[in-house]
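Notes to accompany the following structure.
First chain written, first letter: the chains are A, B, C and D, and each begins at residue 1.
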Amino acid sequence: MLNTDTYAYASRLKAIDPMQKFIFAFLTLGVCLWADQMVVSIAVIVLMSGATIFFGGAPFSVWLKLMIVPMSFLVIGIITIAINISRDVHSFLWAYSIAGYWVGISESGIREGINLFFRVLGSVSCLYFLSLSTPMVDLLSVLRRLRLPKLMVEMMGLIYRFIFVLLETAATMLIAQNSRLGYINLRTGYRSMGSMVSVLFIRAYKRSNELYTSLEARGYDGEIKVLEETYENNKKLVFLAALINGVLIFLALFLK
Amino acid sequence: MNESIMQDNIIQLKDLHYHYPDGTHALKGITITIPKGQVTALLGGNGAGKSTLFQHLNGILKPSSGEVFFDGQPVDYSRKGLLNLRQAVGMVFQDPDNQLFSASVYQDVSYGVLNLQLPKDEAQRRVEHALERTGISHLRNKPTHALSFGQKKRAAIAGVLAMEPQVLVLDEPTAGLDPKGISEIMQLLLETQKGMDLTILIATHDIDIVPLYCDRVFVMDEGEVVLEGTCGEVFAKREKLRNVNLRLPRIGHLMEILKFKDGFALDEIPMTISGARKALKNWRDEKA
Amino acid sequence: MNESIMQDNIIQLKDLHYHYPDGTHALKGITITIPKGQVTALLGGNGAGKSTLFQHLNGILKPSSGEVFFDGQPVDYSRKGLLNLRQAVGMVFQDPDNQLFSASVYQDVSYGVLNLQLPKDEAQRRVEHALERTGISHLRNKPTHALSFGQKKRAAIAGVLAMEPQVLVLDEPTAGLDPKGISEIMQLLLETQKGMDLTILIATHDIDIVPLYCDRVFVMDEGEVVLEGTCGEVFAKREKLRNVNLRLPRIGHLMEILKFKDGFALDEIPMTISGARKALKNWRDEKA
Amino acid sequence: MSKRIQLFVGLVLMMFLIPYKASAMHIMEGFLQPGWAISWGALTIPFVVLGIFSIKKTISLNPRLKILLAMAGAFVFVLSALKLPSVTGSCSHPTGVGFGAILFGPTAMAVIGVIVLLFQALLLAHGGLTTLGANTFSMAVVGPFVAYGVYKLVQKFKGPQWLGVFLAASLGDLSTYVTTSIQLALAFPSEVGGIAASLTKFMSIFAVTQIPLAISEGILTVIIFNALASY
C-alpha cells in the first residue's frame, strides 16, 4: 500500500504553514481545471512536480509510482469517452461497422481525450504536491482553521490514527492465516477473509472501548482538545503563489 | 483518621468489592494503603484483578461496595471531583496503542493538560517538560505510528506526566520491552519519581524487577490481596507466592536453594544481585 | 551438499537479505543453519529483525537476495511448494488474538488441517491429538474469546501442531504470561518436541529462559546475526551481548560479578540455577 | 464483416479484462469539469451535515460512540484496502458500503464515507479533492441508502437475514458504480447520442464489470455477519 504521509514527514517543505501549501495547491488545481488547456496543464505538471521533487525532496520513484496509480482509470475513461457509436460514418476519423452501426473515433474525440489526459495529470500533480509535503496532522489543522465542524475534524484525527492500528493488526492476521494455508483456494480464501474481517471488527470494537477508558483517565469531557504546533508563515511564498497563478490565468486567457 | 496517616498514605482502599456487569466478582474485599512518595508493586498472575483494582484508583470504575480514599478524603464521584482525581492520579495503560489517540506525539501529550483548563503558555510549558523528561522531545513531529514500541510507551507516559499528577499508576510497564528497554523505562520512572516527587504504583508479573525498583509489594490472587509488605517480607513467604502462580526472583530462588538444600549458612535470602553478593561475601568471610 | 549435512540441518539460510517495500534493509546477509531435532533460540532486542527472519522460514516473505533451504532443498515459491513448506514449518505468533479466528476452540484448531485437504477421519484424529497434547481438550467447545491468555496461547499452538509440522517456529512464546504460565508453556514445548520429534525455533528477548530450555542460540542485532553457538558459548561473550540491548541471565550476571569482582575462584560462569549451585558447591569443596 | 466483429469483441474483452482495481473506480482528480465538481459537492453537503447532526445526537446519548464510530471509519478504510480473493488473480477491493450501512445506518455512513474518501485521495492517490463530492455522493450517499433500504425491505418481508445482507451489500456496491457511470455520462455526453449513449458506454465499463465484484462483496459480507453472529 502506498502511503504518502511518510514522505510528507520527510519533505523539506514540511515546516511551511500548511494553510499556505493548501491554498497554493488548491488554487493551482482550480486554475488547471478551469483553463482546460493542454499547455496550461503541462505547465502545472512541471511546476507542481518540480516543487514536490526539487524543493520538497520527494523521491522521483515515489512520484512516478503515484502518477501510475490513476493510469488505469484514466486510460479506460478516455477510451470510453473517445469511442463513439453512430449510423453516420462521416463523423469518424477511423471506424468499423457492426450490424449497420459504426464504432469509431472522431477527431474531436481524440482532441478531447488528449486534453483530458493532461488536465487530469496536472490536477493530480497538485494533489500530490499537497500529500507529499503536508502530513495529515497538518492538513487537519488547516481544516480546523477553515472552520469545518469540530466533530468532523476530531473524527478525522481519530480515524487517521486508528487506520494504522487496525492495518497492523489486519496484516498480522493475514500472515497468520497464510501460514496455515488459509488462502489455498477460493473457498477457503473467502472463509478466511470473512473470519479475519469479523475478528478485526470485534477487536476494533474492544479497542474503541479501551481507548475511551484511557481518554476518560486523562479527563475526557466530551471534546478532544489538543495544542497545535506553530508554523512559519512566509509572506514571500504567498506572493509567489499568487504570481504563479496569475501567470497561469493570463496564459489560459491568451490561448482561449 | 489521624494526622499522621493522612501524611503518610496517599491512597487507601477499604473493603473494596467490585462486580462486573456480567456478574464476575472481580475484587473481593481489598483493604490496602499506598504510602506516599514510594514505588509500590502490585504483583499477581494473569487475571488476578490488578487492572480492575487500578481502574478504581482514578474513578474509572466505581466500587460495588467499600470505599476509596485519596489523600485522606473519600473519592467524590461528581464530574468535578473526578476531574480533580484524574489530574492527581495518572494512569498509564499496558498497550500504548490503546492510549495514544492522536497521530501527532505533541498533540497527544497535550491532550490531558488541556482538559485541566490551564492558560495556554502553562499548558505548553508542561508539555515541553513532559516530552523532555521522557526523552522524546526529538520525536514531537513524528507520527505516532512510526514510533517503536518503547517510544510509544514513553509517549503514553509523557501524556500522563504532563498533567503533573501526584500518583502515577502503570499497568505492566515492562511488558513487551527488551532487557535494555525494561531497565531504561524503570530508570525513567525512578528518576521521575524523585524529580517530580511522585508516588508510583506498578502492576506487574515481572517478578525480577520488583526487588530492584520497588519499595513495597502487594500480592494479589483471585481478587484478593494475599500478601503485603516490603520486598524482603513478601519474598520470605515463598510457599504462598508459588500458590498464586508466582515465584521468587531467580536470584532469590538460587539463594534459597543454597541455604536450605546445599547448607550454605546464609543469614537471610537476598533477592537482588547486590544483596546476593553481600550475603555470599559475608558467608565467605565468616567461614575464613 | 553432502549427506550428513542434509541429515543434521533442517533449515539453512544463505546470505539472506531483505528490503521492505519502503526501502528498510531489514535483514543484512543472514547465514545460519538450524539443527534438526533441537530447540534453538533466536535472541534479539525489539526491532532486531527476528520476526522478519521468521517470515522467511515458511515463505511468507521472499528474500530480496540469498537463499532459504528446507531439508537440503531450496525453497520452491510456487503455490504447491509453498503449501508443502507451510505444512512443514508451523508458525505460532506472539499475540494469540492475531491467530485465533473461529467461533470455537475445536473449529480453530481444525482450521489449518482442513486446508490440507485430508480425509475427514485423519483430520479429526489430528485435531484430537493436538487438543490433547496441548491440554485443552476440555475447552474444545468454548468460544476462543472466553479463554484466558494462557489458554489462548495453547489453542494457537494446537492449531499449528494439528498440521503435524516438522519445525515449530514461535515468536515470543512467553510474552504476556505470568511465571507459572511461562514454565508451563515451555514444558509443553519441550515435551512436544520429544513426543513429535520436532525442531523448535523460538524468537525471544526473555533471556532467562534461554539457558533453561534451549540447545543453541543465535543473537541478532539490526538485521545481522552477531553471535551463535551453544548457550555456554554465547553467554560467554558478555560484552557483545550488552552491546546489542541484551544482558546475561540474572544468575549469570551474579556469577560473573562473584568471579571477577569478588574473587570467587569459579571455574566457569554458569547461567542456570542448577549450574550455579554446582559451581558454588565445587568452589566451597575445593576451599574446604 | 466477421473479422470486424471479431475485432470488436476482442476490443470489448480487452476492456473487461484489464486488471484495474475497484479502488481506482473512484473518479480521479481532475476528471470532472469545475461545474460538475461543484454541483456534486453541493448536492453532497446536506447529507454530510445531516450525518454530523445525527452523530452528534447519538454521541450526546452515549459518548463512547464517538470513539466507536471513528474506529468504524478506520475499519471501513482498512476493509477497502483488503484484496478480495478472486479466481482470475486480478485484485479487487470490497467497498464496505453495505456492511457499514447495515451496522451504522446510512446517515452516519455519509460522514464516515467522506472522511474515508478524503484519506484515500490524500494517502493512496485514489480519487481526488475536486471529485470528492461526486465520489462521496455515489459511495457514501447512494450506496449506503440503497443498501440500507434493501436490507430493511427484506426484513419487512421477513426474508432471511443472509439474503438481506447479501442483497444489501451487492446492490449497495453495484448502485455505487451505476451512480459513478451516471456522473461520468453527465459530464461527458457522447457527440452522437448524447447522455444516453454515453451512459450505455460507461455502464458497460464501470457497472457491468462490477457485477461479479458486487456478488463477491455480497458473499463476503454474509460470511462476516455470520461470523459476527456466532460471537
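A few points about this structure:
Everything that follows uses one rule, which is that a residue touches a chain if its C-beta (ideal position, glycine included) is under 8 Å from a C-beta of that chain, and two chains touch if they have at least 3 such contacts.
Per UniProt, the chains are A = Cobalt ABC transporter, permease protein CbiQ; B, C = ABC transporter ATP-binding protein.
Keep in mind that this is a model prediction, so the values were computed, not measured.
Touching subunit A and subunit D at once are the following chains: C. Distances between chain centres, each the mean of the C-alpha atoms, put D farthest from subunit B.
Here the CA centre of subunit C is 45 Å from the CA centre of subunit D. Centroids built from CA atoms put subunit C at 31 Å from subunit B. Residue numbers of subunit B whose C-beta contacts span two or more other chains: none are found. Multi-chain contact residues, meaning those touching two or more other chains, occur in subunit A at positions 5-6, 136, 158, 160-161, 165, 195, 199, 202, 207, 211, 215, 220. Residues of subunit D in contact with two or more other chains: 227, 231.
Taken chain by chain, the contacts fit none of the simple shapes, being neither an open path, a ring, a star, nor a full set of pairwise contacts. Inter-chain contacts occur between A-B, A-C, A-D, B-C, C-D. Residues 227, 230-231 of subunit D touch subunit C in their complex. Those residues of subunit C that touch subunit A in the complex are listed here as 22, 55, 58, 60, 83, 86-87, 90-91, 93, 95, 97-102, 111-112, 114-116, 145, 159-160, 163.
Those residues of subunit A whose C-beta lies close enough to touch subunit D in the complex are 1-5, 26, 29-30, 32-34, 36, 66, 69-70, 72-74, 76-77, 79-81, 83-86, 88, 91, 96-98, 103, 106, 108-109, 116, 119-124, 126-128, 130-131, 136, 139, 149, 151-152, 154-156, 158-163, 165-167, 170, 183, 186, 189-191, 193-195, 197-202, 204-205, 207-209, 211-212, 215, 220, 222.
By the touch rule above, subunit A contacts subunit B in their complex via residues 5-6, 9, 14, 135-137, 157-158, 160-161, 164-165, 168, 207, 210-211, 213-221, 224-229.
Residues 4-5, 7-8, 15, 18-21, 24-31, 33-34, 37, 52, 55-56, 59, 63-64, 66-75, 77-79, 81-82, 84-87, 111-112, 115-116, 118-119, 121-126, 128-130, 184, 188, 190-193, 197-198, 201-202, 205, 216, 219-220, 223-228, 231 of subunit D are the ones that touch subunit A when the two sit in their complex.
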